[in-house]
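First the structure, in the form of structure tokens, and then the observations on it.
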Amino acid sequence: MDIVTVTGVFNETKNIKTIRFKWAGRSKPGQFAMVWIPEVDEVPMSISFSGEESGITVLDVGEATWALHNLKPGDRIGIKGPLGKGFSITGKDILAVGGGSGTAALALAVESAIAKGKKVRCALGAKTSGELLFKKRFTDMGADVRVATDDGSEGHHGFVTQLAEKLIAKKKPDLIIACGPERMLAALTEVAAQHKIGIQCSLERYMKCGIGLCGSCQCGRYTVCADGPVFTGGQLAEMADFGKWKRDPSGRKMHC
Amino acid sequence: MAELRTRIAGLEMENPTMLASGILGQTGESLFRIVREGGAGAVVTKSIGLEPREGHGSPCLLELDNGILNAMGLPNPGIDSFGEEMAVALKAGAPVIGSIFSDSPSNFAALARKMEGYGAAAVELNLSCPHAEKFGLDTGSDPAKVAEIVSAVKSAVKMPVFAKLSPMVPDITAIALAAEDAGCDAIVAINTMRAMKIDIDIGKPVLRNKVGGLSGRAIKPVGVRAVYEIAGRVKVPVIGAGGVYTGRDAVEYLMAGASAVQIGSAVRERGIGAFGIVSAEIAEFMKENKYKSLNEIIGLARGK
Amino acid sequence: MAELRTRIAGLEMENPTMLASGILGQTGESLFRIVREGGAGAVVTKSIGLEPREGHGSPCLLELDNGILNAMGLPNPGIDSFGEEMAVALKAGAPVIGSIFSDSPSNFAALARKMEGYGAAAVELNLSCPHAEKFGLDTGSDPAKVAEIVSAVKSAVKMPVFAKLSPMVPDITAIALAAEDAGCDAIVAINTMRAMKIDIDIGKPVLRNKVGGLSGRAIKPVGVRAVYEIAGRVKVPVIGAGGVYTGRDAVEYLMAGASAVQIGSAVRERGIGAFGIVSAEIAEFMKENKYKSLNEIIGLARGK
Amino acid sequence: MDIVTVTGVFNETKNIKTIRFKWAGRSKPGQFAMVWIPEVDEVPMSISFSGEESGITVLDVGEATWALHNLKPGDRIGIKGPLGKGFSITGKDILAVGGGSGTAALALAVESAIAKGKKVRCALGAKTSGELLFKKRFTDMGADVRVATDDGSEGHHGFVTQLAEKLIAKKKPDLIIACGPERMLAALTEVAAQHKIGIQCSLERYMKCGIGLCGSCQCGRYTVCADGPVFTGGQLAEMADFGKWKRDPSGRKMHC
């Protein structure tokens, strides 16, 4: 574990903040870290900024994420990582589909795909306009960004999966990368299968160790933290649990 | 390749490596995969209790320079929902050993009965968790209590009963002998050692539970010693655990007197393929040194 | 440089590092040198018994990947010829703590009386050697026996009495509390852990005594845990030992609640200068993190 | 520890044998090894041959050395080393003084001094002619070898220290290196001091760990295995014990 110093905390949306810290982790797009907030908790977070000052982008949903939101420059947190296997971007025309804070997992992939000269379209979804993550960041990078909101306050009124279907209909991408609620990912996987488009999804499962030992993130035959968190459509198709069952901290199966 | 097939307390194993309890052993599909893809000769489930338990809070696991420190705190879905996992695990064809923990002989017996009903090949009694109050060392360090639990389980089930011991006792052979006298069919040694890590930059213990159990390379010399001592005193087979990363580590345990080894922490570095890799390395060592059967190696350092 | 001077159970030390018992502590001149050249704040002698003892045969020490395995077997010249060594050691000016071992309370008392006569600043009771029959764990794991020995020594001498404990017990705080109740002035934790190494190419245990004690990096997480647990329960100072190689290791023990640390195995890698080097590294850490006194660090991770 | 295979056992004198084994230890002249004879003992031995096949040269005095004499090619022993600090050869004209099996400790030093173009004279001592070690080896290397025997059966009749004095009288060397019984070394150190010649002696003390931890080899303020086994005349002068007191395995002082 590396103890790192927070350099800045930035508002992204009204309930999402980015925390930057001094850590040159050389993360590959799609990798994550276990983030230790001393005396509070340790939680998995996608690495959303890399370089000398890496960053995570956090939706406040509970105690740990609240504590992350309240960090101040100079505070110290622990970082284990980079962990897991990331995206492997192939093809020229990429469609990145992000739901809510899941968009954070796509950031480095979008960045590196554009850097490699690929054409990247993004479909970002959120409940409402003010909660859309990285719309400006991705646009500034040079991506073609479209949005969907549940309340219709901006862009497509409805699910981001529907928006994605529209974009696919317009022009079939070579690869879809996605992160967001698992049922969204399950729907998107079906869409991709129908259109015979390769897809890679980053899953979020309850994680304790983050390094493939404890088994709490098991999804089907896969250990999400070590085998994933990014899985191909083919792998997802093998996972009977995907989109249907998750496990609570005790390992009991529950509906997604 | 040297013959690695072996038989321990009636369990037929393709090779002498087993998955140690608590590593990925919580779901049927992961157990299945560790046999089929990982190449394990047998698998031990996560320790299962009567009720679902969430375990300790995070951080609950930490990599140290020469080991792994964990304070999972025995999270488990509870015995009642574990039948469906067992059903999947059994399809892999290797023996599935059900690990259980509890705070009383009668509850141990009840858990064992359910495990037997689920088709477990044997039951492993976790008498040695170093960081879960009431469920570990208090019991596991007292020969009388150990005997009581083993007896209770033995009279409840027909399958073999393994007792898994802690090294945090002055005389581990006394515990092993008590377990054997009470009828246990194999001894597993060792569980993790009570340990902790303080991050000095933060000035706090890293584990949420503060104290955890140390596994991995750091504890191998203690595990080998425990196996050596126990194997010199008991007649039942001994299964070694603690810091097995390579075939050479496994052979060290076998030479100390272990009939098989369990592998846990090494899965972090060698992946779930660790079992097949370690088995191949054992076979390679045997070939290079002209050993024909595991029996030539088992207990060799004891001068048997 | 941050102030490192400290006082433990009445002993004035220039810094919180001590030589651990059994490392080069058999002659007066080596003890002298470890203070003067090595920079130790205090030194503990080799454990001395009533009679001369040659110890176990060779090999009696082995370097492992992450620790040292030894089965010296308490070699020592006997208390009667140790007076001349003490006289030389004392000239260095730092506290010399006489370590003693025996098999009975009255013999412990007799040894302590002689150590006091020789000018020892304190006596350290070795209740924890893991590889010398009759002289270690049998006694050291039994709170009643520990209390009896501490009482006997306390009534025999005026100097402070330290009890050195083994981690090979299910509950080290019970032993520490028994020692404290019997009047002991400081607790030292930990001694080595019973362990062994089998060389698989030879097919034999390497140590002549087969079993030895593990020290060094491998045992630090166990030592830190022991100190943390003990310091939370006793009022007397705790002295940490086990795998201190750097100032950061020392600080980890201090934050766990130790008032000082002992250094043994690290002498192999860092030479006898280890004490001065570790002290300088502690001071550097304190400066970087703006700690002004050791007291700010001691017990910090306990949330005191 | 390295487990090595014995490649050959060679008679040097009637009670000294050299054991060669596959071990490229890169030993410096004067270093030693702890040699493990499984199930027998572990003893310190000077490294007397280096290269792909290193070697030790052993006088049979007891159980361990007897076991070493009885090794066969193919047998396996354990080697911890190279240990200690060796000779540091300065000057052009070197006098190497060896008593009995102590000569083994000088072998690599003589070899390397000659390789560096230095002039090396050797004074070798033994009880009787048949026990002189490395007479031929050192001569073959190009050293000027003179011998002394207690019984006068060859060379100077008397102590090797007397022979050394004669050689010094003939031509003052720049450096004396020596190994042998400690009282011989003590006498030689005095000779060197009288003639103001630098001297380095390799000491043999009872050793258990060989790596500076156990303290059994302590001589004065020095730990022979870690600070030595080679000491300069200056260091030897500081050691009150040198040539007078040694310690038995329990640490008791005894006369040398």
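Residue numbering begins at 1 within each chain, and the chains themselves are lettered A, B, C and D in the order written.
What we mean here is this: contacts are C-beta pairs under 8 Å (C-beta built on N, C-alpha and C of every residue); 3 or more make two chains touch, one makes a residue touch a chain.
These numbers were taken from a predicted model, which means no experiment stands behind them.
Work out the mean CA point of chain A and of chain B, and you get 36 Å between them.
For the pair chain A and chain D, the distance between mean C-alpha positions equals 68 Å. Spacing of chain B relative to chain D, judged by their CA centroids, is 51 angstrom. Of all residues in chain B, those touching 2 or more other chains are 201, 204, listed in ascending order.
Residues of chain D found to touch two or more other chains are absent. Viewed as a contact network, the protein chains form an open path, each link joining two chains that touch. Under the touch rule stated earlier, the contacting chain pairs are A-B, B-C, C-D. Residue ranges of chain A in contact with chain B, taken from their complex: 1, 3, 34, 36, 38-39, 41-43, 76, 78, 80, 208-216, 218, 220-221, 223, 226, 247-253.
The residues of chain C lying in touch with chain D in their complex are 22-27, 29-30, 32-33, 46, 52-55, 57-63, 68, 70, 72, 75-78, 81, 199, 201-202, 204, 206, 208, 264-265, 267-268, 271-272. Interface of chain B with chain C (complex): residues 64-67, 69, 137-138, 140-141, 166-171, 193-198, 200-201, 203-205, 210-211, 214, 217-219, 221-222, 224-225, 228-229, 248, 251-252, 255-256, 285, 289, 300-301, 303.
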